[in-house]
Amino acid sequence: MIQTTATGGPPPQSGGPVDQAFIDDLVLASHILAEQGVLDGYGHCSVRHPHAKDRYFLSASLSPAVIAASDIMEYDLDSAPVDQRGRKMFLERFIHGEIYKARPEVNAVVHSHSPTVIPFSVSTVPLQPICHMSAFLGGGVPNFEIHDAAQITDLLIRDNYLGRSLAHSLGRYDVCLMRGHGSVAVGADIMTAVYRAVYTEVNARLQAQAIALGGQIRFLAQGEYELIENRTDKNYERPWRMWKERVRKP
Amino acid sequence: MIQTTATGGPPPQSGGPVDQAFIDDLVLASHILAEQGVLDGYGHCSVRHPHAKDRYFLSASLSPAVIAASDIMEYDLDSAPVDQRGRKMFLERFIHGEIYKARPEVNAVVHSHSPTVIPFSVSTVPLQPICHMSAFLGGGVPNFEIHDAAQITDLLIRDNYLGRSLAHSLGRYDVCLMRGHGSVAVGADIMTAVYRAVYTEVNARLQAQAIALGGQIRFLAQGEYELIENRTDKNYERPWRMWKERVRKP
Amino acid sequence: MIQTTATGGPPPQSGGPVDQAFIDDLVLASHILAEQGVLDGYGHCSVRHPHAKDRYFLSASLSPAVIAASDIMEYDLDSAPVDQRGRKMFLERFIHGEIYKARPEVNAVVHSHSPTVIPFSVSTVPLQPICHMSAFLGGGVPNFEIHDAAQITDLLIRDNYLGRSLAHSLGRYDVCLMRGHGSVAVGADIMTAVYRAVYTEVNARLQAQAIALGGQIRFLAQGEYELIENRTDKNYERPWRMWKERVRKP
Amino acid sequence: MIQTTATGGPPPQSGGPVDQAFIDDLVLASHILAEQGVLDGYGHCSVRHPHAKDRYFLSASLSPAVIAASDIMEYDLDSAPVDQRGRKMFLERFIHGEIYKARPEVNAVVHSHSPTVIPFSVSTVPLQPICHMSAFLGGGVPNFEIHDAAQITDLLIRDNYLGRSLAHSLGRYDVCLMRGHGSVAVGADIMTAVYRAVYTEVNARLQAQAIALGGQIRFLAQGEYELIENRTDKNYERPWRMWKERVRKP
């Protein structure tokens, strides 16, 4: 493990080189999330360093649709950059660092403003899993109320304290709403975090439509979503491969 | 007719060669359904073997938007593969085999998660035909509640028993919802099954919008949908030709 | 004027040659309406012959997105073809012939199944003009109930009697809904008919969204829509030019 | 400062040459707003002359998606053209001139008919800020009721009096709805005005969806939107750069 330097000291050391394909997947993930309408001009996704648990990768402050491998930066878990070289950093990078601290088994984080999730973040109506594809929402979806953590803010996660507060709200869940702002989705790998970010938005759309029909709604039963989440053959690979193929098109 | 081998025996024999154009139509059908937003990363469509009633064709487990003719596999009605050659199979292929067993006049099956149909599958509000283009919904749309067949499941049709249960719910209808999951649409040929899958989604959108207006809704009368369904000039060829042209574009 | 032959007699004579640009505009109109989501696999648009009031032009039975100038056919007002040459005709061409008979000042007709208009055709909630761009809806939008004209039908306008009944419902209005089916929009020229078809759909979307907000809605006042409709500078040219440019792109 | 000539006199003098990049940004802004679905066949955006506070630039009367640098015209604040050269002018250019008169700190104005904002303009339900990205809506969004200014009209801002009335309704706000018509969004630079036009539409969509969920909604608190609007690092550059890149694609 690498020592994390205190603020003001020298920059943290790198966790070491990683495969180009690993970085390429992070870039593709951003492009996929943009193409799927989950990320727009804002939002970001990161991966933990595969060889150093206390480092993660996140692009410079650019729109997800346009980043390239050369825009990927390395951070320690206090979100200090290893090698900034004048690149602009995301104000909200602390989301990533603090979630990696709190959740050792999480290796990828997506922060988005996906359009049908925001309305649930400001509503008293809870987001609930409508179909087998979004069983990961089954245990409940916490909603981070930043006002509880820091009173009046601009709603952005501008420091480690706010990142820690968000990570606390996320707890052991896979997705956490952020009131008036968006959400985070996490996973053991980038494919899983991307899948969850996309299908949180899909589920929000399905649930909003089901509510609009005006009848009673049957959500997944506890036994059902637990069974699905305990399966090892959840088959996220199929959409992942399709999405990759789509954004690779010239 | 070809004998179907029992599980564990040698693979079933092929029903014999078919025209390339026949296979190409199955591939185009998948691409059309993806382009129309009926299939996404999941879902599949199959056709019965034209010369062997107890065989059907279905692609390997890939996203519908990306399959090619070489991905098409042949199965017997127990959904055992004729010639697997290491290709990954859809977990839910039993949907197809069991519907072909139960419905001799059906020669094509689409299983989809189309987005506006899922909300009806979890709602007490029934899907009903709003316009002449979806008269095939007129007799009523059954909803397969997997919990009634097998208690707690992951909602997937993972074996012949569940496929049979779904086929039983489908009965003599053209479309059957699957609670918290999606739907199946069937037809005497692939054009008809694709048409029904697309227009089930279209009708769901139209009905949801009509409900949202808040007034009383006049659905097709029984005499109307029966008259339409008994017509022989339903003219599915026009959109079918248009859709094919669209997905063929380079 | 040219004599219209009775059914069974020789085909009607042509109203004479017309400019290629005139036919091209009809083709572009179809492509525009497809690109705008007003026409899909079904629906059609026609223009009256510029030199013979009792003839009109309409494409052969093809999807609007794919027609070319060579698909345009000429009809008399009983919708008998001048020169069929084996081309398939729209079953519902009688819509056009009978409206041209009933409305001498109308020179273009669009029949569509545009998606947000159909819900109004089956709802007790009336379509009303929300903004200045759809002032042409101001006098009220009649809804053709085919059951009143012919009891149980397949909802299609399959003959001159049904065409006449629809034209009667249309009366002096610019747009008429067709219950469970779609609508017609008419105009003194093709630009105006296309504009009205597009903005009927736009207004339906705006009104549906305004209803969903749950408050009181202020529609255009009578003085407002009358003033707008009496203006001679309604400026339909701007979107018309933009739409043409868009569909011309290779 | 340049003297503005009275109506009927010689045309006003130019405020002097400006950088090509400045004009290019105005053209790109139009293309961005068209690509984002904020402007369609109608609507326009302008910038104040950077060296002459009493001149502004606005394209000739063309659809925003198709304008080029050569279509940009210069006007004085009475909206008289410096050099018309037979080009067709927007009927509603008075919106721009009068806002520039009333708001010296405003240097860019967008007038749009963006689709989800119009429903709020005719509804008793007020538009309110749902998320940090639309904090600029926080102080309230006035709604210009043209009937109060001029009784029965065609709703268009056809002269300086109506432009002045609209500017009066706008007051010190950043956005003003126009009943049955659309809205205006203003900013200290074109990036800001474009951002506000886009995110007014985004907020309208989010709020409409939140309302449709049926629960209670928590809008931004006063302290929150004030804090956000007082920040100097609002980071509109990121989407602005992304949008530019998108419309520049060949």
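So that you can tell them apart, the chains are marked A, B, C and D in the order they are listed, and the count of residues begins at 1 in each.
The working rule: contacts are C-beta pairs under 8 Å (C-beta built on N, C-alpha and C of every residue); 3 or more make two chains touch, one makes a residue touch a chain.
All values reported here derive from a predicted model rather than from experimental measurement.
As a whole-number value, the distance joining the C-alpha centres of chain C and chain D reads 34 Å.
Work out the mean CA point of chain B and of chain D, and you get 48 Å between them.
Residue positions 212 of chain B each touch two or more of the other chains.
Contact topology of the protein chains: cyclic, one closed ring where each chain has exactly two touching partners. Chain pairs that touch one another, listed by label: A-B, A-D, B-C, C-D.
Only residues 130-133, 135, 202, 205-207, 209-210, 212-221, 223-224, 227-228, 231, 233, 235, 238-239, 241-243, 245-246 of chain B touch chain C when the two sit together in their complex. Residue ranges on chain C touching chain B, taken from their complex, read 40-42, 61-63, 65-66, 91, 113, 115-116, 118-120, 122-125, 147, 151-156, 179-182, 208, 211-212.
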